[in-house]
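Here come two complexes built around chain A, the first alongside chain B, the second alongside chain C.
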Partner chain A sequence: MKITEEIKISDNGFVFNSKTGDSFNLNPFGLELIKQIAEDKDFASTRDGILEKYDIDDLTIEKDYYEFYALLKHHQIIAQGDPLDFN
Partner chain B sequence: MEKLKYEKPVISKITAGVPNKFGLSAKQKIISEIDGIPVSKLMDEYGSPAFIISEKTIRDTYAEAKRAFETRYPKVQFAWSYKTNYLDAVCSIFHDEGSWAEVVSGFELEKALSNGVNGSNIIFNGPEKSEEDLTLAINHNACIHIDHFDELYLLIETTRKLNKKARVAIRVNLDAGIYPIWDRFGFNYENGEAWNAINRIMLAENLEMIGLHTHIGTYIMVASAYAIAATKLSNLYMAIHRKFDHWLKYIDLGGGFASKNTLKGAYMPGSETCPTFDEYAEAISNAIISSEIPHENLPVLFLETGRAMVDDSGYLLTTVIANKRSTLGRRTMVIDAGVNLLFTSFWYNLGVYPSKEVSSHVEESTIYGPLCMNIDVIRDAINFPSSKVGDQLVIERVGAYNMTQWMQFITFRPNVVLIDLEGKTHIIRKKENLDSLQSFEMNPKR
Partner chain C sequence: MSKKKLTVAVTGLNNTDNPGPGVPVIRGLKDSKDFDVRIIGLVYENLEPGIYMEGLCDRIFQIPYPSAGSDDLIVRIEQIHQQEKIDVMIPNFDAELFSFMKNEQRLLDKGIHTFLPSLKQFQEREKDQLAKYGEKYGVKVPESINLSSVGQISDMEDKFDYPVMVKGQFYDAYKANNEEQVKQAFYKISAKWGFPVIVQEFVQGTEVNVIALGDGKGNTIAAVPMRKQYITDKGKAWGGITLGDEKMMDLTRMLIQKTLWKGGMELELIKTNGGEYYLIEINPRIPAWVYLAVGAGQNIPDALIKLALGRDVKPMTEYKIGKMFVRYSYDVIVDLEKFAAISMNKEI
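Now for the complex of A and B:
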């Protein structure tokens, strides 16, 4: 799922949504992750890259990734799909 | 190549508007040890959750209160409020420091006696005293604080049956500027009920009137209210002398001093706003000393301070069970200690702190207990750093009421551990188990 067109992300972790007027701060790792999501990188390759670079286990990455992803959806940074589309 | 330190990804919405009332956020407080013992060691040894009580804090707090009053008033006697925390080990510390016992039921009276307190050093308060309780109190020469006329007549009847004298005081309720007035206990000052009760007692053959008692409320944040109460009791004290040529032995101002916990809805933290022992002592001592009581006949000043005396000494160690997000995106956290252990969480914003260095990022969070009940909320809004499952946390200022008002519900009640003055730890109440609970049950055979 893509980052919506209205979202602008600066190099220091500031995020602005021109549609809603909301703005956000990212911590350094949040910025790294959102960039990978913006590049449409899938979870598996994102996870492998993090495992190689950071001192962390795969299950923690998975938990944190999906929590972060859910928050991006909640803040309308990622386009919302139909939540009841179970296909 | 050495790997980089990982930090959980975070995105926070920037909210414009009124800035934080305390300005820039302070550094996150961490409680990594209690009286020099690492929290992790305590949890390894005694499990999670676990209540920890610091003997040093109890004794230091007692010394502070004693100094505040004894430097301002010549005759002061503290009585330990059993209902605040009646674990034997805790009561014993207060008795060792010189406190009498203040009890409010037959059960508490028995407990004080079993703790070795001399009956004449027990104050028996409360609205429910059976004939059996009164008999026990009379036989041990306890000071019985009469709550209502029915109790007064039951007491007269009991002393006749026993053919013994009882030492008594009355509880007086009065308007000290604290609203709502606690008028459900004792005899009212303003409408003359207290004076009527005194007159009846002074006529009773077997009752020896020795004191006056009031308890104006709980968590009283205005020290001057005690001055009003002390003045009104001093008036009664002098009225008794004038009419009956009788000097009482004491005036008991009860308890109700605020602890440093923060009440829900309070704008500023309790540690900033609650009066100190010195402020309470100044108000009470000045009122009695400047009353018309001659200095050579000043009564002993009794204080039944519970909450302010023991709250700071208690900690609850707990562990993070889960992190979740609500449907509104709000961060929530589940810990293994619930409201069944923390009765005071219903009216305090209890301080919850990590036990080791954490991420500098904090987020407004809700902290839930482990109970399968919607009311199990320890903090509904707290700025808290990100935590992971298994992180050990410390909840501070839980020494008052939680270990008496707790209930066994869904989970077992945990170990209570005392750290003594030498830094040694002792279990002072064992964690419950299925056997201990079922020992009270009987299942009829069918």
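Now for the complex of A and C:
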């Protein structure tokens, strides 16, 4: 899934949608996640990287990841693809 | 190369919480790379803030309201012209445009250039004609009904669900959630702006706007889309940001090409959550947020005076996306003499 081309992500976590004018603030972890998504990394490799870096369990990562992913879709930061394809 | 000296008369110096476009238009003109402008500020009221802003206008004159009659207004402009030799006149109020359009040739004969839409262009985009306009040019517009009395509210209720937008022909718009609120808005608007009072179907979505300039031959000389980020209780933008939205640009270019629009304009649109665009209003003049377009790279006031003088202007296609404006209020300290001069002599 691709971040849409009108989305600009600053290094400090500020996300701007140049088509709608919407802007969002990401915390450092959100920024890390969105960068991984922008690089087209799948959930498994993102999860493995997070498990190495943080003291966190599998289930929490999965829950937070998909929650964040749904938010990105809702705000049209990620291109809307097949509604049945969740990743 | 030295800049060409030019005298430009501008109205709309009411930089209040419902601002006229005069002050930002002047700022754009002063940024011109080609002209060294001398500004003649034309005001209707003696407390229009632009009168008192240092370094803005070289001369100020009070002029009669268009409601006093087109002739009184034009005669006054001609008197001012005798003293000041106006090269270009930029009227900035909807309500005065009719007088200036009607007297375009008379002013030109005296050497005063304007760049305004034709009467036909002006009238066909009027709020009470918007449904026909949408049909003619293939643009989605909200359904509307023109009210001349409160008795017609029941007709309106047969057609629309609440909420609805109640609008005056020139200015003012209120969202009404029930019959009582429609009545209140109807009385308020009709007392100020006359009839008809327009009731429009409420379209849910985000309000977005485009400022544009047409050369009268179908070319879009400038166009910048914007989203209001901070809206006052009068519905005015107090902050906004430029957008990169090709659909809005295509819609603007299509309308200018089909209507051969001449002059500045503002398209007010609602973008629905489904990504559809509804045209809710066309303002037939430069809007008050014009300086955002200047800051983003398209100096519309400068291009407009070039077109008024008959120069060729190439379409500006680039602008910076994500440029913002934020308005602020500011207390100007004024000596009584200045206020007395405009009040008593009608000029400064």
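As a working rule, the second predicted complex is superposed on the first by the 82 of 87 C-alpha atoms of A that agree within 3 Å, B and C clash if a C-alpha of one lies under 4 Å from a C-alpha of the other, contacts with A are read in each partner's own complex, and residues count from 1 in each chain.
Definition applied: a contact is a pair of C-beta atoms (placed from the backbone, for glycine too) under 8 Å apart; a residue touches a chain by one contact, two chains touch by 3 or more.
Note that the structure is a prediction, hence the values are computed from the model and not measured.
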Under the stated touch criterion, name the partner, chain B or chain C, that contacts more residues in chain A.
B
Answer with first, second, both or neither: which of chain B and chain C does A:19 touch in the superposed model?
second
Contact-wise, after the overlay, does A:8 reach chain B, chain C, both or neither (first, second, both, neither)?
second
Taking the superposition as given, does A:74 touch the first partner, chain B, the second, chain C, both, or neither?
first
Looking at the overlay, what does A:27 touch: chain B (first), chain C (second), both, or neither?
first
If you lay the two complexes on top of each other, which residues of chain A touch chain B in one and chain C in the other?
none
Seen from chain A, its contact residues with chain B in the complex are 15, 22-30, 32-34, 50, 53-56, 60, 64-65, 67-68, 70-72, 74-75, 77
Chain B - residues contacting chain A, complex
3-14, 323, 325, 328-329, 361, 388
Any idea which chain C residues touch chain A in the complex?
206, 208, 226-227, 229, 241, 243-245, 271, 321-322
Applying the document's contact rule, which stretches of chain A touch chain C when the two form their complex?
6, 8, 16, 18-21
